[in-house]
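Several structures are given next for inspection.
You will see subunit A twice below: alongside subunit B first, and alongside subunit C after that.
Now for the complex of A and B:
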């Protein structure tokens, strides 16, 4: 039982980090290697708001979402917008943006590890089904589910989402129907960046905050998205769940090093036979 | 362009000729020439200011610079100024080797102060051995190295564990959980720890290594809960330390019943995880910032005055600081024309001084340092309370886990 709960808690963090990446890639086709740095910037925002303005972590979440979304929107308007027809070049461009973001943070905030306080009310465990788990991890799980729900609602139940799905299927034809794809792409990138920032802010009290922290998250996020199938939201959830559960099980019977290696190996083998991932969106060709 | 054999030979010959004339050090064996010319002594300072380990190496760089500035302000060495040549090897072992070569060959430094990780030390080692230069290494490390070109001023396993492990067994119990990062240092330390535990009749319930930079400890904490060890012996390093402590605390585990005992958690890491997460856990090291001695008060005040009131000193920055003074004492014994790395090495053997941690001395046999191990317990203000200091200073024994091997002046010997 404790294995499953631990797996769920790992999965919720994976999903939170991967959601933004999945949306950006699924809609715009941009492989955003700066995703990890957006996570990192979210964490630094949490630190800055807390230590300079005394705003607690929970209260600062909406601000952080807006700030990183704005940053994402700027990145999109200044750089990515010009590369929408050259998806391969976006890899290099976003990687460069990531490097610059890391160094900028280092210059502004220094190289030291930073400290983000956990909300005091959440800094202890509760017993769930006979297992002691930290309240904060339950909160992360809840947030991941809520954000997934919100994203699903935006895409499948709003007119914005309808346009977005139209663009995903065929950008040219959607444009013929008067949909401003440029604007939708910008908003998508901003939304994905905002989700990344939120993820960073939420994991910051559990993990460490440093300019390099983004690197590990971008690897995790890509694992989830590739395994799940790049255009499928449900796929991201399923693959985060699978990776979380298998990591937790292998780590329990062996250790985390072996878990990391085995999970990667499993993904490599799987995409050899199912390159489109577990849940590929069905698109008429 | 196609490379033919003849073309390659011609090119190589040309490059060789340019190298030989343009870079005289390649053929000039007498590297000591003009080492201390113009009343200056050039030394290299090689700590990463960027990259993953910059977090800690910046503070080592600062401690080294502080010592050099103090020595220069007090008149230098026999009237000669120390001139630091600062390079940034960017946390990358290959860059470490390249910068070390530059410092030794083209800057002609008489010694270099540097490195935090074992990987970077191993990377620069060939440069110092080949060029008969001298490297000052301040970090605690796994021992098991024997080089006449490195002066080691940090602790080796016997200096951190000989007092610590028996003390923990007596105070908390015999069920131990060993957790470390997955590379050579934690494995060697655990190797030594297991030997000590065996002698004490204690039991290792789990030995586990997590990837470097790992930050998801939920499985590990899960295992702590199910195995209920008496002591968690941690050699986790870097930012993983922060994640481990915070997730341990969020899971509601109690340091009074199941403390983490670490060889690597210093004031620096504690500042990043918050005192609350570290409170109650133990660290063994020769130096803590709160150590009460006139030398340490002077060091801490000078460090804060130079680099900022919010800065902390810790058990790697202290050796970074005192090793420059040991260098100064050794060089002061030499005439200006004799200032060469081999002469400095001979002069520093047996050299001693009162460091912030207490009196330290370079062991003649293996160029490691006699140190004063202490046991500290972290408090919620981010500082340690020193519970115990060993009764005497401890001899460095880099091969203690390998009973047949000894590091001597002649190199590694087996008996």
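Now for the complex of A and C:
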């Protein structure tokens, strides 16, 4: 039982980190290697707001979302915009941006580890089905589900989402109908970056905050997106669940490192046989 | 031989000659060792240029091959220090610390230096060929190749760190003997190691150049430009791609071995994500579609990084600057510095070529041929 709960906890964090990446990748085709750094910046925002302005973690979440979204929008307008037709080069450019972000944070906030305090109300465990779990873990799970729901609503129930889906299918034809694809791309990137910032903020009390923390997240998040299928939101949820559960199960029998290696190998094999991912959206072509 | 080829061979030869002349002017052992290190990274960049620039396979796990080669050499050199550290019958020191009773079977053959050298080239090549077979037979392309190779790198890296008993874990394999062949010892801080590396560099550079000029090399470039067209002509695209990654991995493995010789240790960071992505940067800055450009890019960027990170003023800002330069290169010089040099050269030649040819030939033939304007 505790295995399943641990797996669920890993999965919810993975989903939070991967959701923004999945949206950016699915809509614009940009491989955003700076995603991990956006997560890291979100975590640092949480730390800065807490230690300089005394704003608690929960209250600072909307601010962090806006700040990282704005940053994402700027990155898109200045750099990524020019590379929409060169997907492989986006890997390189975003990695360069990631390097800059890492070093900039190191200069501004110092290289040492930072700690963010857990919200007072969530600092005690509750018993769920016979397992003691911290409320904060449940909160993360809830937030992941809520953000997934919000994203789903934005994409499938708003006019903005309709335009977005049109662009994903065919950018040229969507443009012919007067949809400003440039603007939508920018907004998508900003939204994805905002989600990354949120993810960083909520994981900050669980792990120490450091300039290098992003690198580990980005590889994991990629695996979630690729496993799930690029254009499928539901796929991201399912694959985050699968990866979370299998990591915690293998870690129980071997150790964390072996678990991670095996899960990665499994994903490599999966990409080979299903490059479209487990839950590819059916698109008429 | 065409004129263009001749100029290319001469340029490559001149650069190698300059590299050979360095020890004449640089006497400082520390500086020589550092230069040798950059040259090794240059070899690594050549290997990536072969697979990325010439074949279009963005291998984000090039450091896997580098690291494997490095560990092969380190194992052989470690075994030679056993009598010094733990007695003639003993085990390498880190195995003793980890309570290993008996030398593992896969360490045994590394008592033989020729075997170790062969393994340092063959193991990375075979593993790359296996991974290539796995990917390219299934027609995995583009971004997915990048993700698979990156994931594979992380897996290998995690395993090497986890299996501390056999690989030294986080610390890697340290405290190595110096390489000796026959009765000659290669001193890591002496000119001997430098020349060894310079010879290997020249060999790799010209070997890679000959590969790109061979028929297989031309097909590889055709695959880069339009894979399906090559397939429709009846070529086995997968086989050529496997060949490209295997050759590339062999060269990277060789670079790894040389790196262990000059650094005098092997570390899991040699197969880390950071180094692997750095290679991509070097190639992109130097010009991935030029072997020489990639190599010089590596020497230039790594050298500047080394120099600036040692000076007080740039210690903190250097990485920031490097990231910025890299983004600018990707945006404005997709073919890197070599591409920019090529364009510049063409412009100058066109200017002079037009005036001289116009007098010699009829105006119709005077139009300059579109050199170096390969489609990308």
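FYI, the second predicted complex is superposed on the first by the 285 of 285 C-alpha atoms of A that agree within 3 Å, B and C clash if a C-alpha of one lies under 4 Å from a C-alpha of the other, contacts with A are read in each partner's own complex, and residues count from 1 in each chain.
The definition used in the following text is that a residue touches a chain if its C-beta (ideal position, glycine included) is under 8 Å from a C-beta of that chain, and two chains touch if they have at least 3 such contacts.
For clarity, every value in this text was computed on a predicted model and none was experimentally measured.
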Just checking: does A:207 make contact with subunit B only, subunit C only, both, or neither of them? Give me first, second, both or neither.
first
In the superposed arrangement, which partner chain does A:255 touch: subunit B (first), subunit C (second), both, or neither?
both
I'd like to know which partner A:86 touches here: subunit B for first, subunit C for second, both or neither.
second
Answer with first, second, both or neither: which of subunit B and subunit C does A:125 touch in the superposed model?
first
Contacts of A:106 with subunit B and subunit C, given as first, second, both or neither
both
Check the residue A:97 against both partner chains and state whether it touches subunit B (first), subunit C (second), both, or neither.
second
Find the residues of subunit A that appear in the contact set with subunit B and again in the contact set with subunit C.
103, 106, 255, 257, 260
Of subunit A, residues touching subunit C in the complex
31, 79, 82-83, 86-89, 91-93, 95-100, 102-104, 106-107, 215, 219, 222-223, 226, 255, 257-258, 260-261, 264-265, 267-268, 271-273, 275
Considering only the defined contacts, which subunit C positions touch subunit A in the complex?
58, 60, 134-135, 138, 140, 142-144, 146-148, 150-152, 154-155, 158-159, 161-162, 273-274, 277, 280-281, 284, 316-317, 319-320, 322-324, 326-327, 330-331, 334
So in the complex, which bits of subunit A are touching subunit B?
2-3, 6, 9-10, 13, 103, 106, 111-115, 117-118, 122-125, 132-134, 136-137, 205-210, 212-213, 216, 247-248, 251-252, 255-257, 259-260
In the complex, subunit B touches subunit A at residues 49-52, 54-55, 58, 182, 208-211, 213-216, 218-220, 222-223, 225-226, 239-240, 242-243, 246-247, 249-252, 269, 271-274, 276
